[in-house]
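For reference, the structure I am asking about is given below.
We just call them A, B, C and D in the order they show up, numbering each chain from 1.
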Amino acid sequence: MNKSMIDLTPLTRATRWHPAELAFWLLPVAGYFLLQDNLVLLTQIAITALFCLSLDLILGFAGIVSLGHTAFFGIGAYAAGLMAAHGHGDPLLGLLVAGICAGIAGFISSLLVLRGADLTRLMVTLGVAMMLYELANKLTPITGGVDGLQGMEIQPLFGSFAFDMFGKTAYWYAVGVLFVMFVIARRLVHSPFGLSLKGIRQNVGRMPAIGAPVNARLAAVYTLGALYAGIAGALLAQTTQFVALDVLSFNRSAELLLILVLGGSGCLYGALIGTIVFMTAHHFLSDMNPEYWQFWLGLLLVLIVLFARDGVMGGVRRLGALGKGGAKA
Amino acid sequence: MTQTRRLSGLFVALAAAGMAFSALAADPLKIGFVLPMSGPFAAYGKQIEHGARLYLKEHNDTIAGRKVEILVKDDTGVAPEISKRAAQELLVKDKVDILAGFGLTPSAFAVAPLATEAKKPMVVMNAATSAVTTKSNFIIRTSHTLPQVTAPIASWAAKNKIKKVFTLVADYGPGHDSEAQFKKTFTAAGGEIVGEVRTPVKNPDFAPFLQKIKDVKPDAVFLFVPPGEQTIAFMKGFAERDLAKAGIRIIATGDLTDEDLLDAVGDNALGITTSFHYADAHKSPENQAYTDAYAKAYPKDRPNFMSVGGYDGMQLIAKTLEKTKGDASGEKFIEAAKGMSWNSPRGPVSIDPVTRDIVQTIYIRKVTRVGSKLQNVEFDQVPAFKDPGKQ
Amino acid sequence: MTYALQTTSLVKKFGGFVATSKVSLNVEAGARHALIGPNGAGKTTLINLLTGFLEPTSGEVILNGDKVTHLAQHQRVKRGLARTFQINRLFADLTVLESVVMAVNERLGLGARFWQSVGSHTAAVDEAVELLERLRLLDVAHETTRNLAYGKQRLIEIALALAAKPSVLLLDEPAAGVPTIESRELFETIAGLPREVTILLIEHDMDLVFRFADRISVLVGGAVLTEGTPEVIAHDPKVKEVYLGEAICD
Amino acid sequence: MTVIFDGIASGMLLFLISVGLSVTLGLMNFVNLAHGAFAMFGGFVAVTLLNRAGIPFLAALPLAAIGTALLGVLFERTLYRRLYAATHLDQVLFSIGLVFMSIAGAHYLFGPQQQPLTLPGFLQGQINLPGLDMGVYRLFLIVLGLAIAFGLQKMVSGTRFGAQLRASVDNPRTARGMGINVDRIFTLTFALGTGLAGLGGALGVEMLGLDPGFPVKYIVYFLIVVAVGGSGNITGSLIAALILGVFDVAGKYYVPQAGAFVIYAVMVAMLIFRPQGLFGRKAAR
């Protein structure tokens, strides 16, 4: 075999979209027409999916476990919320500022987080998020504390689409942002940078020996993950037009980790599908049984781990692999 | 749970069939509840739902000739975006006529703009931050406000030889609000604040703060922490350190000696003096009837102020609809509700026409053992007390 | 005489234990230099000091005339010092081509490019393909690393190191765990590397060492016992003494 | 002085409720986030025995531990066993599922309210020495905590069972080859971990309260202690808990404004300087 015979398409397949991927992105369009009454739920699914994507970038692709990812979600939410409460209600500007604030916070905290092994990272991220939570609570005059940040006024999107109670604008806005951010993440994952992240995840010890600055790469992706989370937080703040302390809560971090593991980390569509499955299940169960829905959700999780690792999850993963196929260089 | 709900749905349907003769029974009246049914505040949702359903049951699920349908959505307590989602779905999908419930302030704040936009009445049955009713002209509150239940204990203390008070509040919005109100009223009445501390919201151990109190030796401690394990921990620690024997009293708002919690606090709660708008030991025929009916319907639980908030919420809706002849449209409903007054299990109450907030008697009570039960026994009162937070 | 890699009085202490004791190593440019020593002689520590995984307690590491003592591992790789590992350290779920492309990317400074896909950086891909051809790995280019036989995986170890276009290559027991026949092939490949690549070989197998090396250093107890041509070393009584058991066994 | 005493007591409570996790996570390398659920079970057993059956507190404690250990054995035999080889993330998913179920289950059985618990008279009150006031129950916790720490440490490092356990965790295959009944060792250890969780839960009711939210409410504290102490190290957990307790209480006493930050700040600082935990044998995974 000589070098002219080798097929290089696996390396470039990423630039093309698999039909299954296109079909997947028709779902939000279909959802809009079929589930008009549940647009708020769909909007929040899109936002959580973006948040989950951000965790996937750092956990799934770079292998950094975090139990404090809400830190950046919260920073983004408060940044966007405070902008809107002080007269800068343009949604896109809010997103931008929120993303930048969260990114900066991500960069700074990456210096702490990158030390130590998994459990240490888990706890350091957790500690950072808990301290931010306490800080937001302490700063009640600015953040509104437990009562929540009031007085947000979001201007219409592009100056013409107002955020109303039927949630159409909010829906397309959230889905649109998710899509754009997803496309960026997809390119990133299939780039040399993304490849080096996979390398770090699979064998962190080898990377310096091929000349890769591991900590710089991890800091970069952690910052990026923080930025994504910040944008997701801003989306939630803007579409809810309210920010409360729970954007920084431990439960949100833990739930997010759960969603990602459920969907399959290390695969972009895993983050999206996990979110859809989890939030839909949550919604239906809590509608059917407002008091004890947690039991059924818990049972579902246990059963999935015990019996359906290769069934349901495998299916999800296979579907994910289709999308990821492009990256399979 | 689901089963009883289905049964009551069936019952509603039967009742509706039986009432076909009524001209006004055109459409069923749908009331959508947004409540914390799971999570750390599940007790709130349970009590409010109990109260509301009790009222309906007493009136055969019929208000002003319209049969009533209740939809309950769980907002988990602490996630305002879920509250908002629930309310939005109730409005858009289920087309409810009235929004109700709201266990916590952030939920009410998050939903307020929706009530304004949809022009639907929103009956707040618990959330107690003073500003809640200012967030939409369609909000009416049937519970209480924090300043409203805080101020009377301050005046009472100043009048009853408590000169030096140490305030201990949890470091969060409601804590700050009650601290501010207490200080304002108490110092205006000539009292002195000899120490103040704000404790972390998640705080399993009060030892260091109790030690501080012991060092300062005030006449009384004014306490406000999130009702629940913190109250218990504080009171147990207080007893352990013999602070009561050192002549230090605890004064607080009544949510800390809430009937739901009293049994868990146990005898350590004895002697605590609080101000509040409802105790299940309140003596009146209305309350007797209420507590009897409650005990019959929910033998495992004790009625508390939240259940009364839910009960009175439904009572307000009923009386208002009778006035509007079944018309639940936002503006008409709110106009009719303003100034409404009735005899609640807690005593006479009315809706302030200006603020749409509740005006009620605030009682001063002391935790006492009555028979085998701990009770908040009322011994003083401030009648027709308005929310001082909005003055 | 130019030295590709030198150390001057290199010392590494772990607490009270001296793992490396005043090692002064001089590896000539273009040399095939072997480092031998019994187990526990401190070979691994020395490698770690050379590559920057550990920092020395005192002394210097000099690469192509520049002090690199305090540079991080990846910075030394950028300056031309690459290594292979005694036990494979590969990317189990990447294909062979992906692994090598990744390594080439790092040398070309493309590793932080995040917008264009891996495949669109054709210079890197072409180079990786050439490297695979040179190591006769082309036919498994699209195989996932974990599915390959151990011998093939050893070749990937070398390919990853070569992708850095090193001026100095540290081979840490490249034939460890490889069946004899394959190990011969492996050494043919190594012997076929261009002469401008300086090689420092750490090896147990004395046959291989004496066949391959033109200079040998013997490490014992963390210090250099002696250094010389293979003939000199082979007849050195001190070395014989140290190696008596092992040399016979091998 | 009293502040330091209270700090030690508070740390000891942290230790008592976390030590079970130190056993399951540290010794068995299973990320058992359902630790709090077992602790809650122990709490409910104790409270039920105390209030419904009238069994005295001191008798209810061991019963709570034993009851929880039995539940632990049941779960280990049927469920946990299948997941020893699974990834940590799977274990997280699974144990969080259990936590959800336990919360809803407790809510269903006991209602959402706090459970009452009254200590026997001899554990109430304080002993007053000059300059030092010691709560009797706190003293009880300290003594019990020290006893448990000492006993466990002895067991892990000084007995045949401990040696077998370490061998089984480090390399199950070799251990099996050496004739160690690995399955039995794991079941027993899991029972020990859950039993300790149950005991901690029962002891904690007095100071932490007990309601269905328990497993989630204190999960952060369990994890902090185990992470800072270095997983699998009993002495490490003890010392970490004591340091955290003393700093937390002293912080709240002297600088109440910063009260909530202290415990997290101490944790992050400790982890940054000793990323493996205070006495970590090796990386956590």
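The rule we apply is simple: contacts are C-beta pairs under 8 Å (C-beta built on N, C-alpha and C of every residue); 3 or more make two chains touch, one makes a residue touch a chain.
Computed from a prediction, not measured in an experiment: that's the story for all the values here.
Novice: Once the contact rule is applied, which chains count as partners of both chain B and chain C?
Specialist: A
Novice: Please list the single chain whose C-alpha centre lies closest to the global protein C-alpha centre.
Specialist: A
Novice: From the centre of chain D, which chain's CA centre is farthest?
Specialist: Most distant chain from chain D: C.
Novice: Using Cα averages as centroids, what's the distance between chain A and chain C in whole Å?
Specialist: Computed from C-alpha means, the inter-chain centre distance equals 41 Å.
Novice: Could you give the separation in Å between the centres of chain A and chain D, each centre being the mean of its C-alpha atoms?
Specialist: Result: the chain centres lie 33 Å from each other.
Novice: Would you kindly tell me how far, in whole Å, the mean C-alpha position of chain D lies from that of chain B?
Specialist: For chain B versus chain D, the centre distance works out to 36 Å.
Novice: What are the residues of chain B that contact at least two other chains?
Specialist: 38, 42, 46, 171, 200-201, in rising order.
Novice: Residues touching two or more other chains, restricted to chain A: which are they?
Specialist: Each of 134, 137-138, 251, 291-294 in chain A touches at least two other chains.
Novice: Where does chain D touch two or more other chains at once, residue-wise?
Specialist: In chain D, 104, 107, 260 touch at least two other chains.
Novice: Pull out all the chain pairs that touch, please.
Specialist: A-B, A-C, A-D, B-D
Novice: Could you please specify the touching residues of chain D with respect to chain B in the complex?
Specialist: 2-3, 6, 9-10, 13, 104, 107, 111-118, 124-126, 133, 135-138, 206-213, 217-218, 221, 248-250, 252-253, 256-257, 259-260
Novice: Which residues of chain A touch chain D once you look at their complex with the stated criterion?
Specialist: So the residues of chain A touching chain D come out as 112, 115-120, 122-124, 126-128, 130-131, 134-135, 137-138, 250-251, 254, 257-258, 261-262, 265, 291-302, 304-306, 309.
Novice: Across the complex, what residues on chain A touch chain C?
Specialist: 1-3, 5-15, 187-188, 190-196, 198-199, 202-203, 205-214, 216-217, 220, 326-329
Novice: Help me check something: in the complex, which residues belonging to chain D touch chain A?
Specialist: 79, 82-83, 86, 88-90, 92-94, 96-105, 107-108, 216, 219-220, 223-224, 226-228, 231, 260-261, 264-265, 267-268, 271-272, 275-277, 283-285
Novice: Mind listing the chain A positions that touch chain B in their complex?
Specialist: Going by the criterion above, the answer is residues 37-41, 44, 134, 137-138, 140, 144-148, 150, 164-167, 236, 240-242, 244-246, 249, 251, 286-294.
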